[in-house]
Every structure is written in C-alpha cells, then in structure tokens.
C-alpha cells in the first residue's frame, strides 16, 4: 500500500529505498538473532546476553536512522508518519519486520537475471517465509514473556514453538497457551498476521492446483493428435 | 442485499437514508460506549452506571424511530419487515450494528473528494473494522453474561478480550470459554459473523497479494527496455 | 455431479426426479422431526417415542422405495449404485439428506416466477441452510450417542448444540467433545461436510463483498457527472 | 513445480518417470501397509512385525534406486537435489509420498479413454485422497511416537485417528494431543500439509458450487422459451 506513494515521491527517496532494502533486511536478521541469543541463552552466560542486547539496540538504531532519512527525503513532514503507517508500526514493533520481506524478495529477484517463479509459487514462497520468520519471532517473544510466570504452561522454547504451530494453523489445542497479558498481546498479533499469511498460502496453493489441472487439459489435444 | 430495494423505493426514503447514515453510526458508537460503561464500571459507581444505561436506552429509541420512519416512507407496510430483515435483526440486536459500517464507509468516502483505496484494501479495511467493533461488542456482552456465573472461566474483561481473539481467528484454545446459555448464544453469533468477516479479510489479503505480484510482472519489461 | 448423468438418462427418470424432489424433502424433514422426538423425549413418554421411531422407519422406507424406482427407471442396473454413489451414501446415512437441499432449492425457485437471488447470495443461502440442517442432525446424533456414556462431557442437548457451533466454525474449544467411538464418527462426518459448507459460505461472502465494492466503483462516474 | 524441469530434461528421464509413476505408487502403498502392520500388530506377533519391517525397508530401497536413476538420467549431478527438492524431501520422509498422488492420478486418467472429471471435482478428489492418505500416515506415526510415552493422551490408534480428524480440519479440541518432541514434529508437518490440502478441497468446493449455480442461470432461458 505504501508502494504507490513511494513511487510518487521524489526520486531520491526511491533511490534510497532501493539501496537500503537488502542491507536493512540483513540488519533485521541480526536483530532477530540478537534477540534470540538474549532470550534463549542460560542465565549465567552474562557477557553473551549483554552483547546480544547491544546488537538488538544497535540494529534498532539503524532502523530509526533509516526511518528518519526517509521522512526527510519524502518532504512530507509529519504526514509521512500517517502515509507510511505500516512502516511506523514496524519501527515500533521490530519483530514484525519479516512482513516487509515482500520488498526484499522482489529486490533480490530483480538482480538475478533468472526466470522468476510462477505467480502462485511466488505468493506461496513469500507468505510461507514471512510466516516462518514471524512464527519464530513470536515464539521468542512469548517464551520471553511466559517462561517465568506463575501458572504458565509455556515453560520451554520447545513449548513455545509447538504453541506457534498450533496457533498459526488455527488448530489451537489449548494444551499450552499464554497466561500473562504480555504473552496474550503477542499471541493476538500473531493470530491476526498469521491468519492473513496462512490464508494467502492456502489460497495460492488452491489456485495453483487448479492451474496445474487446467494446463493439463490444455496440453491434452496436441498430445493425442 | 437491501441495497437494491432501497434504490427502487421512493426518493424520499433514499434521501432519508443518505441523511441519517452518519448520525446513526455516531449514535451506535454512543450506544456501544454507554453499554461499555454500564458493564465495566465498578458496582459502587451507581450514578454513572445508571446514566450509561439511560444513554443506551435513548440511542435505542433513536434506532427505533429511524426504523419506524423508514417503514413509513417505504410504503411497504409490514412487507418492509421481511424485505429489510437484516435491518430488523440489527434493530433487535443493536450490538450487531457495526455490520452496517459498510454503508457509512461508502458515505464518508463519497463526501471526501480523495482518490479512494484500492478494491481489496477497502474490503480488508471494512471487514477488519467491522470485526474489531463486533469483537468489542461481543467481549462486553460475554463479560456481562459470564463474570458472575458459578464455574465461569471468563472472569475479567481481559479474559473476555482474549477469548474474542481466539474465537474470531477460529484458534479456540478453550482455556477460557463461556459456560452460561446466554454467553454461549453470544459466542455462536460471534462465530458465525466473525467467520464470514475474517474470511473476507483473508480472501481479500490473498487476492491483494496476488495482485501485487501480478502488477510487478507487468511493470517488468519497460523497466528493462 | 450426478446432475449430468440424470439429464442423459431416459426422460422418465428425469420426470420422476422432478416430481419427487419436494415431497422427498418434506419426508426428510419428517424423518428429522421423528428422530428428534425419539432422541429428545424423556424416557417415560414411551408411546410418543415409539410413534416417532415408527415415523423414522416409515420415511426411510419411502427413501428406499424412491431409490429402487430410480434404479429401475435408469436402466443401469447395479452400475447405478456407483454412478449415483452420493445418493447411495445418503440412503444409508439419511441424516446427510440436507445436503441434497440444493436440488429442492432450485426446484422451488423454478416454480415461483420471481426474480431470483444474486449468485453469491444463493450460494450463501444454500450452504448456510444446509449447514444449519446438518448441524441440527449432528447435534441429535451426538447427543444420542454420548449422553449416557461414562465420562462424557456432552450431557444435555444444549451441550451438543454448543459443541456443533464450535465444531462447524472450526473453533473447537474442547470444553465439550465426544468420547465414544460412535460420537467421534459422527463428529468426523460433521467436520468434513461442515468444513466444505462453511468454506462455501465464507468464500461466497468474500466474493459478494468484493462485488459490492466493485459495483460501487462502476456507479461512481454517472453520480458525479 | 518440478513438472516443468522434468519436461525440459532429456527424453529418457521423462520416459522413465512415466513408466515408473504407477509402480512406485503401488510400492508406496506397500510401504504404508508394512509400516501399519509393524506399528499396529501386538507385541507378541514377532515374525509378522519383522516381516513388515523388511517390507518397509525393501520398498524404501526401491525409492532410493528410483531417485538415483533419475539423478543419473537428468545429467544435472548434485543440482538435481535442489531442482527436485520436493522429491528429495519425499525420499527422506517417505510417509509424505501420498502428496505425489497428483502425478499418478493424471497418469491413470491418461490411460483410460473416458471423459475426465470436471476441473473442480478433480482438484477436490486429488486433495481429498491425498489428505486421507496423509492423515492415515500421520495417525500411524503419531501413535508410534506417543502410545508408550508417560503422560500421553494418545494411547490407542482410535485416539490417533480422532486426533488426525480434529487436526486436519483445524478444529483442534485438545482433548488428545501429542506430548513428545517426535509426535509434535509429525503434528507440525501434518498441520502444514493438511492445511494446504484442506484449503484446496474447500476452495474447489466453493468454486464448484458457484459454477453449479451459474450454469443453472445459463440453462434458464431456453427451458422457458
């Protein structure tokens, strides 16, 4: 949605966005890795956990700098915040960054001069990858919120991963589920984003399957004639 | 569905409906706010709770008056009740009013002379907003029915909100769920309406994603040539 | 699917099917009513329960007779059993008869010379009605299987209805769920049929919403010009 | 997806694949049967369980041989592993073989000179059959992992089948659910594959229903004229 406004904006903004797409995505992977180490490392490995926290902070400052530069270049002033509300949300909740994967994916494809994937396969790949990254982030965040809470059922990272699987696919057994307000907020965000992504995977798969069967029909006559 | 019949009806009815769309929507927000205060305010704040209840009654009388005027103007007599059965249901269950949001949304858009959102974005926005309002209403109603019942698992408004998230997305953990007949009736209504709305969000998102990827393909050749 | 073969069959079969569509649907409602009375009536009302059971048997014999006549008229012999496998399944599990509602719906519409509903509205109406009838049948059957079983959580018909709501919408809280093999078999049938029907409701609603928004766009220019 | 690359490959590979499609599918049914006997046979029937295990091993060697021949014939060397990653995954997790059913289905249809099923009916049939086979495999694997674990709720094969029904349809009651890491891994695989397959069934059914209603509209005028 912010795609069109970006194209209407001055050329320098577009240039900046094209240049920073891939580096920022790599930075967001470092952010995720830092957060993972901070959350999952045992209590007594203090130097590593602090280092990881520093990495998280540093990458977040990078995101903030990028946001500031883009706000400047756009020449929109504070209207930028509203026009690019999705970017603003992603700045405040950096664990949602995987959702911006669609741009990176396009950028990477543009550089490789290879025939690109089929339309449905691309939609499935994008939605699938975004769902995996989002699920991993959510598992970390929920584990972080829950594992020490009294009465929690999510006690290990394995439980959190299992909970994410059951939630993203909307199966929802309820054998493990968040009990703290923080964990439930993360869960609600995961449900909303995940539902849309999984719906896109399912919808694309369904369309793709119908396409395969349709093509087959079209190939038929020449094969026989 | 009642849209076409409204257009076929005499001009005065159409005029009335256009005029009252936005005021009635504002009234329905007051209805919701009054109900929220009545349900959520602590027991000992009696004057406020009674005031809120009065607000609920007053706005409901407004809805009744609007229904009566439209029944009159349509010149259909009692057939109006059947032709506009959705409006009749909404009159009796005013918490379902958010579903009429689609008209208000159109009316507001008509007045602003701005380029409107993309088709899928609009469907997603409408269904998403309607789902949020409906979910809030359902959380209030279920909390109202359940919080004092013996053996209830929904004891705070936070529990009710968490239950609505898990229900609307069809995850359904079952860690909290209604136990009274009243609460279960509200839940069944929420499931049916919510399922359709969420399906619309998912379906539109899926179509929108495929559209984004298709457009990209079309933009390709000029970019290179 | 059996629709096309019926058209290719001799005219007498088609004639028979057209004539018996509505009477057989009425008979299937009697079947359902009889089964409901038999299952829900209290233990000590013996004459009524036996009468209801007799009604169930009588209507089932009617279905059997219809099946035999159609097998005869088709001139296919035993191949009829395979060509019309859906009818064969419905004969053996008469509680699935609501799924044949689509034919009755068409037949009723044909007789009334009124403008018919919009395509999506019709699909929603059919799938919604079939889901309600199927859900009612499933609630009866599960209540029948479960209410006396040791360790059962479905103890009243209200529980069974609540369980059907949670199952058809795939929410699945798990606060009540079948524990006997018979109840679980009914549940599995309900899940498979219900999922497809509810998917049809959701899909049609989503398409209908997009259509409403598209039409609006098309109406736009003349309104302003 | 591997379909196109297979067509671009040398003719001998295509020839090999066409020839081996049906035999390999039969072999995968033997694999499944062997695994079923090994898992479900009582402890004290040792000779039979060992024979079944030998059958599993023998058919797996067959799959390995087929993979090796195809890798050779393709002339791609190790790039084959990446280009045919789906086949590689299926080699390592042979219980996923039912997903390859789509090819067999096409091959069988090609040999019979009968009018083929309608597009949507074919997609539903394929996705439905694949879901049933996948569900059966998953029930076996989960029963294998869980039935001896301490604190397990899946204790009989009936429990496992019931759990598969609730999982594939995303109802997820949670009355029975896997507790071991192995069982949960199987469950996650089932959820992801099953969700896509069931989504395809639902989507095709919805499209098929709309098609039925559309055709009816088109048939209308001549019937009356």
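We call the chains A, B, C and D, going by the order they appear; numbering starts again at 1 in every chain.
Here, a residue touches a chain if its C-beta (ideal position, glycine included) is under 8 Å from a C-beta of that chain, and two chains touch if they have at least 3 such contacts.
According to UniProt, the chain labels map to these proteins: A, B, C, D = Voltage-gated potassium channel.
Note that the structure is a prediction, hence the values are computed from the model and not measured.
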Size of the rotation, in steps of 5 degrees, that lays the CA trace of chain A over chain D:
90
Matching interface for C-D, options A-D, B-D or A-C, criterion over half of contact pairs identical, gives A-D
When A-C and A-B are ranked by contacting C-beta pairs, first comes A-B
Hey, how far is the Cα centre of chain A from the one of chain B, in Å?
29
Whole-Å gap between the CA centroids of chain A and chain C
42
Return the residues of chain A touching two or more other chains; collapse runs of consecutive numbers into ranges.
166, 170-174, 202-203, 207
Quick one: label the inter-chain contact graph as line, ring, star, complete or other.
complete
Which residues of chain B touch chain C in their complex?
1, 3, 102, 106, 119-120, 122-123, 126-127, 166-167, 170-174, 177, 179, 181, 184, 187-188, 191-192, 195-196, 199-200, 202-204, 207
Which stretch or stretches of chain D touch chain C in the complex?
118, 121, 158, 162, 165-166, 169-175, 198, 201-203, 205-207, 209-210, 212-214, 216-217
So, in the complex, the side of chain A touching chain C is made of residues 170-174
